[in-house]
Amino acid sequence: MNAETDQTIATVGELLAHALELELESAERYRELADAMQVHNNPDVASLFHRLASYGDAHAREVKQRAAGLELPTIAPWDFKWTCPDAPESACVEDTHYLMNRCQALQLALHNENRGQLFYAGVAGSAPDPDVRFIAAEMAAEEEQHVAMLQEWLARERCRAEEPPEDLDPPNVSE
Amino acid sequence: MNSDSSSARSLSVAITGSGGSGAVTAGLILLEAAARAGCYGLLTRSSGPQIRGGESAAMVRFGVQPLGCMGDRFDLLVGLDWLNVNRFADEIPLDGEGVILFDPGVGAVPPALAGSGARQLPLPLREQAAAIGGGRLNMVALGAVGAICGLPREALAAGVERVLADKGGGVLEASLACVAAGYALAPEPLAALPAPAGGTGGRWNIGGNEACGVGALRGGVRFVAAYPITPASEMLEWLAPRLEQVGGSLLQAEDELASVNMIIGASFGGVPSLTATSGPGLSLMLEGLGLAVASETPAVVVNVMRGGPSTGIPTKSEQSDLNIALHGMHGDAPHLVLAPLSIRDCVFTTQWAVELAEHLQTVALVLSDQSLGQSRVITEAPARTPAPLARRVEQEPEEGYRRYALTADGVSPMTLPGVPGGIYTADGLEHNERGTPSSQAADHQAQLDKRLRKLEGFDYGPAWAELHGAGALAIVTWGSTAGAVLEAAGRLEAGGTPVRVIALRLLAPLRRAALAEALAGAERVWVVEQNHGAQLFRYLHAGQALPAGARSLARPGPLPLRPGEIVAAVTATA
Amino acid sequence: MMTVAALRAKDYKSDIKPVWCPGCGDFAVLSALTKALAHLGLPKERAALISGIGCSSRLPAYINAYGFHGVHGRALAAASGLKAARPDLTVLAVGGDGDGFSIGGNHFLHACRRNMDMTYIVMDNEVYGMTKGQASPTTGPDWMDSKMTPHGPGVRRFQPAAIALAAGAGFIARGFSGDPSGLTRILASAIEYPGFAFVQVLSPCPTFRPDHRDWKEQVHALAAEPTGNAVEAARILQADDGMTTGILYAEELPVWQPRNQASASIVEIEEEFRL
Amino acid sequence: MNSDSSSARSLSVAITGSGGSGAVTAGLILLEAAARAGCYGLLTRSSGPQIRGGESAAMVRFGVQPLGCMGDRFDLLVGLDWLNVNRFADEIPLDGEGVILFDPGVGAVPPALAGSGARQLPLPLREQAAAIGGGRLNMVALGAVGAICGLPREALAAGVERVLADKGGGVLEASLACVAAGYALAPEPLAALPAPAGGTGGRWNIGGNEACGVGALRGGVRFVAAYPITPASEMLEWLAPRLEQVGGSLLQAEDELASVNMIIGASFGGVPSLTATSGPGLSLMLEGLGLAVASETPAVVVNVMRGGPSTGIPTKSEQSDLNIALHGMHGDAPHLVLAPLSIRDCVFTTQWAVELAEHLQTVALVLSDQSLGQSRVITEAPARTPAPLARRVEQEPEEGYRRYALTADGVSPMTLPGVPGGIYTADGLEHNERGTPSSQAADHQAQLDKRLRKLEGFDYGPAWAELHGAGALAIVTWGSTAGAVLEAAGRLEAGGTPVRVIALRLLAPLRRAALAEALAGAERVWVVEQNHGAQLFRYLHAGQALPAGARSLARPGPLPLRPGEIVAAVTATA
Amino acid sequence: MMTVAALRAKDYKSDIKPVWCPGCGDFAVLSALTKALAHLGLPKERAALISGIGCSSRLPAYINAYGFHGVHGRALAAASGLKAARPDLTVLAVGGDGDGFSIGGNHFLHACRRNMDMTYIVMDNEVYGMTKGQASPTTGPDWMDSKMTPHGPGVRRFQPAAIALAAGAGFIARGFSGDPSGLTRILASAIEYPGFAFVQVLSPCPTFRPDHRDWKEQVHALAAEPTGNAVEAARILQADDGMTTGILYAEELPVWQPRNQASASIVEIEEEFRL
């Protein structure tokens, strides 16, 4: 997947709209994953995703503060300018499994944050407007911190490959 | 912890855990191990609403006598984890005599369970599992359970080998090691069953849905058309490859309207045919079944009942489809309704249903349910019944052959496509003896009489019910509930109250005279069933087959009727 | 060569007199079908006709072959079950446009996909004859002669041929009861076709659709040879006016028939349960 | 020829003829003419299997009192021709008192009729018809019948004008001329009814299917989805344009699975909805109806019964769908079953069914039948009932609104799409009070209890049955058979035997206490119904609502139960 | 122009947690649908979601709008009744491939013909998820992972788009749960389309069809602009590989909606019976 912008982001408003969407979307998606893990009795991973969701919330608040006074453009969900299928920071659902462990969850988050970082870095490198480039660079740096933080967490996690991947029990049937 | 107080000495173990914990697998192994140790046994399971990875519970009961139901209480609860375990609190009654086995690392026993007063037995299961490459907590727990219940080590190993035979990747080896570690971990056996008499000789380990499949094959079914539905799908999945092996086939239809009409078409062609479904599917089949009744085309439906009405509670058992089975077709459409009385009896009852449907050229509905279909039992191999009743086929029809001839016994000889001189058109319109549509009163009356006569006049022999005992207290029941009723009767008798049990296998046509005879002299009559509307009780009254003072114990699912509940009900008013 | 056929059409007619209205197109279908059967020389007891409910669905009783007059809309299901269990028989499903395309629409779709070796003849009169003249799926949107749809059904017609193609049928033809020879030829080809052969027969109902006297002027034979190219057929059928007669598409496709080869005894199968 | 011996003084006339002879048209005019002459009346019809142009018979009975059934015998048979008339021999009982009117030119009276000993009255009908341009034999015969029955000339003319109003091309004029000619042709009136008291004031000439339609509109139905089927189609054909006039609509569905789910969808949207069908269609609707019960979505089905099982005898009446109506859904699915007791009562019962279904958020099945639906009656205009029971709709739901709240009366307040704050998802899965799927025993029990409670606990008032008389002999009946039973009761009473009649309009839930009260003191109880399986008799026993010695008179269709048959049965064993 | 959207997707999410397996494609459909609804700014109480039975059919409860979780295969029927009676509502029918194309096939055909103003979303995972992984109509003939069809279904796949076209649908689109933005756009267009809008969503079931991880590589967007020419569309869809995403066909067609204009009172209507 490629996190480059496929079109240029022209204005600060546009950039902030993207940033806001990105953070809200990411929070929402992590929360959804947390719920799914809760429902599937994986409380460890659920709480991790909850935590990630709350970071998204916090970042969204920051972006809103930054945007105070600015009018952000309304952008249709499909008009956001990233070429990866969805907002860069939102997790890829199909990579999740109810038996996933914290390591796998962190790897998934890391992947997303990386994509987020690449997105901002891309804008910082290519936007025609210097203000846009400046803010994007700032955000890219911020994302880099997140990446670093996740890497640190991951290191702390004693990731073991031998965690049983298979559910020997048959699936449930209903309805 | 002590063994069950009932006449059937047994132990009841529940293993619970959330997705991936392997509770069900452990339960399956425990059942097999107990069987290999010479016990009879029963396994039921329960799970959350999630498709995959939800919480589940395997409930295993084993003992020295055949078991027809779960007990009133559990001797041992094994918590592989405590996530969402509350869901099962109702299903796993614990008391002060019980034991809760768990790894303290998964957290304290939740209050709902701890409140039972059961003794807590924390063991370092996780640690042991971690010490083994690919080790799993459930297998360590299983080993401990085996030791606690006094099962031989080898039986456990054999159980693991059988259940995990197909798993590759060292799963088998790791599991065996875990079981051994768990076995070593446990304290002295807390309970042990007396050494069972006799070997495990011809016994089977079989689920109810499979047992219906076996009955179908034995009865001669060679064509099945069906649409998947819980909890009947396993029957179809079992049958599909096996039908092929015996020269038949299974067709997955687009819906139940198709499946029922497909089996009618196949049966018209002379091939004994069956479909399996559950309530919503049965609803859709009624028009087709009415056609089978009117056109006198044999057809068998195994309806594996689940909680109703509508989509209801698809994963849980209930006996609430009796009404629709008896009365769900429009017009006067007499037909057969049967219900297996145990998992083992699924074989006989399904086979008998097929043979009766074939012989009487009618519809037979078999009312199994989720508690039979999705449970497993260790049982004596079902006896093979001799001399099947066959379809009365006219191979060389005489000139002027009449498909719907009025015969004394009501069965009109049938020809099959391919037979020269036997050409006729089967019809769901009322018809005369030749099959030509008719709206004349005389034809209608004659064919209605005939279709009733062939069912009412047939000699069904003693299989219409299982009869037990001879007390002044009589309990009438049907289908899967028979197991709990029989166990309740055993307890009552052990307590000095003789009881007679009449467990109905043939529900329609109602064998009124035989029932009257079986009830003769009974002073108190109870009718026990698992539904809200007292459907059997009302049906028996409809047939004026119950004394005025008869009482009803009817309770809906999803919880199974338990022997103790039945004992309490029938003695409360003694 | 020049021999007199052993079986004549009338050998395939039963002694039951049709209840159809004089003038009903279904008489011509009955006649064409018996001729086709005679032409193919099929032993009559080896053919089975399965129908639903409707005027047209009464046909099996009028044919001297095994018949099953089932319930409304389920002819194809019963026929599929019969064919699965008795592959040795020649199975024909017959019925009306209401039976086949309204209540029976789902089985039509799935029979086309399943491609079992049978023939399905729909006598399409664009009306429910049996129940006294309501609109059927093939009725035009503006037909206002039914009180149940006083402004007309107002809905696009059901296109049997195009749907059959999209659903996967390999033999699609349209006949007209007013052209009995053409119809006989189509029916004979359909019965011979190895797979699911669908024949829509424009078979007017003079009682409830007297306007269909016009059909005689409207039908026109397919100009070209039938195509075996599904993409090309899709184009043709989507553009078709519904009055083109002939074999519209024919292509051999894999036939589905269950594999029922005995390989084990029940006792052997039961071994799996033994401890 | 003499008039009926029953308390309701009446004349019975049958007009038979083959396709194109105009027997039914003549019958319709005769009915209207009799009505204009101040009589009450009833018309039923019968026909051959041909779609069009087959033989048919119009049976008209008229008299000075309201008529609820055909009589035991016919006073006059008019044979427009003799082709296939034997088909009707069973339906048109003749005796030595009867008269057969015919044109000798159509041939001699067939033995089956002549054998009755009825007086033959040949008249030159054909000659007269031929003398008039566009003249028809049936109209000449009609004129003669009018004269023979003592109907005023003007009444006949008015009848012709009304029934043939839409016909162009001189049909009306020619018919009037023929009727006049026939009138002149006839001998002195052979019979005449006493001058009826009162005018024809508010009376209606209406068919049962139309009457159900009127009831539906009065009950508030504004959406109908349906699939044509005999003998219910006329109701739909009547409703389609009229629904539109009152702001509603009718949708012709692709099948009954669609139609029932469509009305459920519409009803979920808040619009009272109904479908009409007959046995085969009802079979297909059961799954949907179970959904309506479980999701508590009001839905009304008028099932116009015909001969069963399967396709059966589509054009004839039978009361054999009681079983399926009561018990046809899987699971425990309590709902309402009602049956109109006469054509006129179709209005009230259908309206009541709609209101009850709406109010109780459940399914109401109305069991009409072919003998009501396709017959016409001259009757007092059905009274308009006040203050309909409405649906309990929550317009301003409170925070935390619970769609399936457990209420004392069992009715949970409902919101409709569009209402802010009332959002919920209706579900056929068992659910908790909020509607969230649940497989917990407590939720299942609570919702099952609630769905039963709302039906059982409701006060249905006196309309549950029509009660008549107070004898020691009690006859319980239901639906259309009530007419014959009431007439039988009249005769018995005239003969000195007091009878009480309990004609059940509300069949489910069974008003057991009210029935017990109505039966109190009865010494002999008969249950009368038109089916093979004694379905009501068994149902009442199921509810323990009959004394032990109760007797059953159950006979299938197609022939209607006649008063004399009922009198004979209940007195034979007196 | 420049304001923060009033309603966000999450306002359309209910507080009930899905029972779906983590990784199920249906999560993406839920999310895309809530985004589309938010984008269109539909008041949530004016939308109604109707479904049948299946994993995918659980969706209505997860959306903060009125919902009806009905019986298997009948979502379109219930939705049609609702729309006929309540034209003011935005009606969406949702469900799975089994629900819509197997048991519900007939309603699919007739809903396409009837062209009422509603949206039908089928989450196609080529399997019966809810009942543990049997073949559905869209399952490939050689898929052998279900014990009910041990040799694979052996039957040509059901082609939802081609059938919808032949049946008369005016808006036919295919989305992919792995392309949430594209899907959101399609769903918004579908809801806005005046008439019956059919959206097939490739929505993988990782539990029973882990092989569908490949879909990411296989889907490809429609190269051209969507056509409004049915004949052209027939050609395209018949040749299509089933993995083309986008709006495949869109054309405005007459919408069917009953004419319910009050013009008489019941008392007036009853006059016809008076002598």
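Every chain is named by a letter (A, B, C, D and E) in the order it is written, and numbering of its residues begins at 1.
Here is the rule we use: a residue touches a chain if its C-beta (ideal position, glycine included) is under 8 Å from a C-beta of that chain, and two chains touch if they have at least 3 such contacts.
Bear in mind the structure is a predicted one, so any value in this text is a computation, not a measurement.
The chains in contact with chain C as well as with chain E are B, D.
More inter-chain C-beta contacts link the pair A-E than the other of A-E and B-E. Centroid distances built from C-alpha atoms place A farthest away from chain D.
In whole angstrom, the spacing between the mean C-alpha positions of chain A and chain C is 57. Each chain gets one centre point, the mean of its Cα atoms, and the points for chain A and chain D are 68 Å apart.
Put simply, the C-alpha centre of chain C and that of chain D have 38 angstrom between them. The distance from the centre of chain B to the centre of chain D, each centre being the mean of the chain's C-alpha atoms, comes to 44 Å.
Residues of chain C found to touch two or more other chains are 69, 71, 73, 102-103, 105-106, 109-110, 137, 259.
Within chain B, the positions touching two or more other chains are listed as 49-54, 230, 233, 244, 250, 254-255, 257, 280, 287, 290-291, 295, 310-311, 314-315, 427-429, 437. Residue positions 39-40, 98, 170-171, 173-175 of chain A are each in touch with at least two other chains. All chain pairs that touch, listed by label, are A-B, A-E, B-C, B-D, B-E, C-D, C-E, D-E.
Remark: chain B residues 49-54, 226-230, 233, 236-238, 240-241, 244, 250, 252, 254-256, 280, 310-311 touch chain E in the complex. Note for the complex: chain C touches chain B at residues 14, 16, 43-46, 48-50, 60-61, 64-71, 73-74, 77-86, 88-89, 106-107, 109-110, 258-266, 269-270, 273-275.
Contact residues of chain E toward chain A in the complex are 1-5, 8-10, 17-25, 27-28, 31-32, 35-36, 38-39, 53-54, 72, 130-133, 177-182, 184-185, 188, 204, 206-208, 213.
For chain E in complex with chain B, the touching residues are 19-22, 53, 55, 71-73, 102-103, 105, 128-132, 134-135, 137, 146-150, 153, 207. Chain B contributes residues 18-25, 47-56, 81, 83-84, 133-134, 136, 164, 167, 171, 230-231, 233, 311, 314-315 to its touches with chain A in the complex.
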